[in-house]
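Chain naming follows the written order as A, B, C and D, and within any one chain the residues start at number 1.
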Amino acid sequence: MSMNELKVGVLGATGAVGQRFVQLLHNHPWFRVSALAASERSAGKPYREAVTWRLDTPIPGFAQDLQVSRCEPGLDCDLVFSGLDSSVAGPIEAAFAAADYAVVSNSKNHRMDDDVPLLVPEVNADHCRIIDYQRKRRGYDRGFIATNPNCSTIGLTMALKPIADRFGVRKVAVTTMQALSGAGYPGVPSLEILDNVLPFINEEEDKMERETLKLLGTFQDNRIRNAQTVVSAQCNRVHVQDGHTECVSVELETKTDKEGLAEALRTYTAMPQELGLPFAPRHPVVVRDEPDRPQPRIDRDAEDGMAVTVGRIRPCPVLDMKFVVLSHNTIRGAAGTAILNAELLRTQGYLD
Amino acid sequence: MSMNELKVGVLGATGAVGQRFVQLLHNHPWFRVSALAASERSAGKPYREAVTWRLDTPIPGFAQDLQVSRCEPGLDCDLVFSGLDSSVAGPIEAAFAAADYAVVSNSKNHRMDDDVPLLVPEVNADHCRIIDYQRKRRGYDRGFIATNPNCSTIGLTMALKPIADRFGVRKVAVTTMQALSGAGYPGVPSLEILDNVLPFINEEEDKMERETLKLLGTFQDNRIRNAQTVVSAQCNRVHVQDGHTECVSVELETKTDKEGLAEALRTYTAMPQELGLPFAPRHPVVVRDEPDRPQPRIDRDAEDGMAVTVGRIRPCPVLDMKFVVLSHNTIRGAAGTAILNAELLRTQGYLD
Amino acid sequence: MSMNELKVGVLGATGAVGQRFVQLLHNHPWFRVSALAASERSAGKPYREAVTWRLDTPIPGFAQDLQVSRCEPGLDCDLVFSGLDSSVAGPIEAAFAAADYAVVSNSKNHRMDDDVPLLVPEVNADHCRIIDYQRKRRGYDRGFIATNPNCSTIGLTMALKPIADRFGVRKVAVTTMQALSGAGYPGVPSLEILDNVLPFINEEEDKMERETLKLLGTFQDNRIRNAQTVVSAQCNRVHVQDGHTECVSVELETKTDKEGLAEALRTYTAMPQELGLPFAPRHPVVVRDEPDRPQPRIDRDAEDGMAVTVGRIRPCPVLDMKFVVLSHNTIRGAAGTAILNAELLRTQGYLD
Amino acid sequence: MSMNELKVGVLGATGAVGQRFVQLLHNHPWFRVSALAASERSAGKPYREAVTWRLDTPIPGFAQDLQVSRCEPGLDCDLVFSGLDSSVAGPIEAAFAAADYAVVSNSKNHRMDDDVPLLVPEVNADHCRIIDYQRKRRGYDRGFIATNPNCSTIGLTMALKPIADRFGVRKVAVTTMQALSGAGYPGVPSLEILDNVLPFINEEEDKMERETLKLLGTFQDNRIRNAQTVVSAQCNRVHVQDGHTECVSVELETKTDKEGLAEALRTYTAMPQELGLPFAPRHPVVVRDEPDRPQPRIDRDAEDGMAVTVGRIRPCPVLDMKFVVLSHNTIRGAAGTAILNAELLRTQGYLD
């Protein structure tokens, strides 16, 4: 699929998520970054001076000398990716949407608004249609807000969706071992995590338990109805740079075995694959048969970080089946899914 | 409680568990180490030459020049602690028991034998009475074999027992994040665990799921009857030196809330506390109220490593209640519990 | 040596160094903590509420309910230990000294003042006599300021002093691998040090190169004259919690060999040992013969963290001899040396 | 430069260095892997079954089904890369050379033979001419042995060579902080390096002190004459996966300053760059101006791991100048340099 180039901006461009947007949008076939916006302190400076770049690849050439703007409507672009901190994202994103910008956000502020899609394109692409209702209700003309879930929810729901479709999922118990990059920068002090596990991440369990229901829900009569699934999450921070590992148990409506579950996961594709979206992994879920996979350092970059990897599928004595999910928390779990959301929304006509 | 000094030996004294026995038995009020036994290769050497000592405190003075013996009956002692590798422990331990030695073992070989107690003194002290049946059945006179569970099972059952007594436990789902020292030496290569999680520990999940049932079982009519609890375990290795962290969810027979569960755990004591055994922690279960505890580096040494710490008690949407358990895997989870077992067995007359 | 109890206070008591003072002063035979002072924000609260305690042992009982004061003269004590941040330490310490308090500081502000002793009792105990000149010059009556060096300098100079005394040291090249706790709290973000080395610590090389000369200098005619030694330092931060490792090469005035150097280090004692000061290690320098020692995790707690450990003594093809030094950076390298300084100063009559 | 495809083999193909050869030779423009050889145990199996692959990218397609051979002459290729363990490399490599194979080895066995080139193409490309003498002396016809240095020596000499050429280097003091991958597999146990530094690597200091002299030496009259430089090395293992960091001080014949040294390093190119060899980095030495660079995680992959990075150039009070060098120890420090050596040797006619 080929498209005319669309001008896009990044809100919060100097932050951790914003940097990942800048990195991943380099050479994007459909989107050209024409605006980078950040706080008052950075505004007016060339990006290379405003940013303390922390990614392992250099600042892309296009961004080096781009002058940083304020986070206010007036940017020369049609769509903005938001990596804003949640302390400020709410009203800024609404202002952009009201000013006819498409807002594709990684921030949590509008995720649970009942007229805002909480999207993972392989999981619930049809939910994007709630935008029609959003525009009507909020009086937006061409603008809208679309969001992606929390990083740990994305990995989980990408593994649950193929199972839910084939077998039905009644209950989910998940324990996470999450990477340090999920805490942003400066994030977790080294003295707290060296030779340690932190068994608590603020608000994370609540996000996983609530966002999952919306993602697995159905779009009907211009409403998103939550799934009836029950989710219990226990979230931990471990000494890993990138890649969230999740130990999952599920209770199914229709029983199956290891092979049945593996086949449902391995063969799953959805709209991003059918449309051939630029950021879509060929296989959204990679299934490993080795007894000791997935592992964050080995599997986080599967399909450029856009696939999740599932392994250790086996029966669970308490629920029905259990397995381990691994996903790259700052690519598939944040900026990468937002970009895929923007690609999806464009193909669905929301950027015309 | 005061006792005459009893001579004890350590089998496998140069290994990881054996070294911990030697360290912890230093200055023990009831036991004096009079024999250290190891493989053919070490036999005949002074201990300080035979061992590659890896603990943070120096080799105790008493052990420095003790000559290492072979692992054969004939040692000058009444009781042997076994830290033998499971590849050789089975027949050696049986030979010692047949030769009138009390064998208190950390090895897995005899744990599930139906005439061998699998003991954690705070959990199932009464199971020691199966030794009477064991002696009769195997024709042992003064000897016997008693075992302690796998490290991750000990932490789990110490937290489950007070709950089971007060509320009844139907189902248990547990996900572990286990320390590197649990793998012995040389154990996990650094290249495998740096910036990584290993989502698999050989046989560990099976041990947790089976041993827990025997520990929570009842002793009746000279038989140990397994508990009817259902256990599901997911075991992971993380970048921590000592201290296993376990995220647990339980389904109860009688419902309770956070305060009820905390109170049951906090106030629990059992025979080791009542008898004032030398290695008994005053509080077998320490309950922490902070939102981010327990943590391995901070909590593993609670009560000299003999207490387990429980925190984050809260309702579980899938089962009933969930919480986090932390225990020192090589002290409470191995040598320390074995020593406490020996203390218990002595008070119960099995060493007379 | 026995002494009447002296009342002491801690300035900056809620910070990283301050917490270590509180921990180490627990049960001190000569000093009783009667005042804890910190910033405006903490003043008026009981210490246990004001502090975010980060050490592995619990807050000592004496400190739990002590009410935190402001960092102003008027504290009920004769001596204050200062763990103040260098952004505020300078004038506060001077105000206390002017108000007749003995100020024993770990802060850098007054270290290089030419009338202030920069003390490590095993290295330059006689420098304390500069206090007489300080009092006269600054018009202090009973008060004074004494300081200890930077953590990495303390380990270095304790190893250099016995060598300098016996053989003379002309040149010193040192490369450090420093622990994370040296950066205080929150200090180094985990994302910066995981799978990494940071080859730079702000101002650290300059401190090592300058402070070493004052420490190895001589006290003559009421002046401290710097040593003529030339020092070159390269400082790195590595993934270690506590314990600075330093690779040192020295050029000597009188040549010697491995045995000569080892003997000079191993047998070294100084005034703290002769006086039997409570915090004095029996052997200030522990010499290890194993090829792979010292190591931070194994050797940092030698003599309760108050001894430095030297190993790998061997000839250096470029200078004369090379070796590795290890010291606990927050005990011997900070609060522990400050307490030993206070003990020394008391025996020398500066606290009468 | 374009070349006909040459068939190459890998000796020790299942080991750590062998795997890196297989990975890096994938799609090489001049070399096609036609033979993989390993121990008796692996011989006869397809490579994917014989190897326990540990690199982060998958096994290249070409290697998957290639049948593993024994390490004996008879392989279908003209050149063999040797990643053999030093316990067996010596006679095997000699046998291949005698049987007309070009042997390009990463093993230490023949490095210091006076008729074998010890090559880093940017440092001493002209030393390859010793092969003519080697062939004559050993009676080889078309075969020969060429070697590359130890990983830590490669990084060091690539930084020293531009300095030696421009200013002359009399003395070198270097302290290394080396990555875990340098120890191969399984290598360093995690329990030894977690929260620790190992101040010793067997034979490493000796290799750095001796190999450097041969590399910086001159080729004259069919002899390699060692440089007169004096080198002192202190080698440490730190908690880093890949990338050796080296703190270097040098005494120069002609004095210079920071800018002079930086310019000599930054502008340096040599024969690989002039010939445009496929594996040659455009800039063999990358110079960074930031105060806290180079860092292993950020800089090890500079120019696909084939460039070394130098930073923190500044005067040294003891010698003349000091700086920090960083190089990828398994790419530039092992297999990558061996491949570049093979490319060089081909352009110099030794593979015709």
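Just so we're on the same page, a residue touches a chain if its C-beta (ideal position, glycine included) is under 8 Å from a C-beta of that chain, and two chains touch if they have at least 3 such contacts.
In this text the structure is predicted, and so the values were computed from the model without any measurement.
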Inset, instruction - Quick one: point me to the chain whose Cα centre is farthest from that of chain D. - result: B
Legend entry - Comparison of A-D and A-B by number of C-beta pairs in contact, larger one: A-B
Inset, instruction - Give, as an integer number of Å, the spacing between the C-alpha centres of chain D and chain B. - result: 49
Inset, instruction - Averaging only over C-alpha atoms, locate the centres of chain A and chain D and give their separation in whole Å. - result: 42
Legend entry - Chain centre separation (chain A, chain B; CA means) in Å: 43
Legend entry - Multi-partner residues of chain D (at least 2 other chains): 194-195, 239, 241, 297-298
Legend entry - chain C residues touching chain D - in the complex, by the definition given at the top: 171-173, 175, 177, 194-200, 209, 230-232, 234, 236, 238-241, 245, 247, 249, 291-298, 311-312, 316-319, 322, 324
Legend entry - Contact set on chain A toward chain C in their complex: 54, 180-181, 185-195, 239, 241
Inset, instruction - Would you mind writing out the residues of chain B in touch with chain C in their complex? - result: 56, 194-195, 297-298, 301
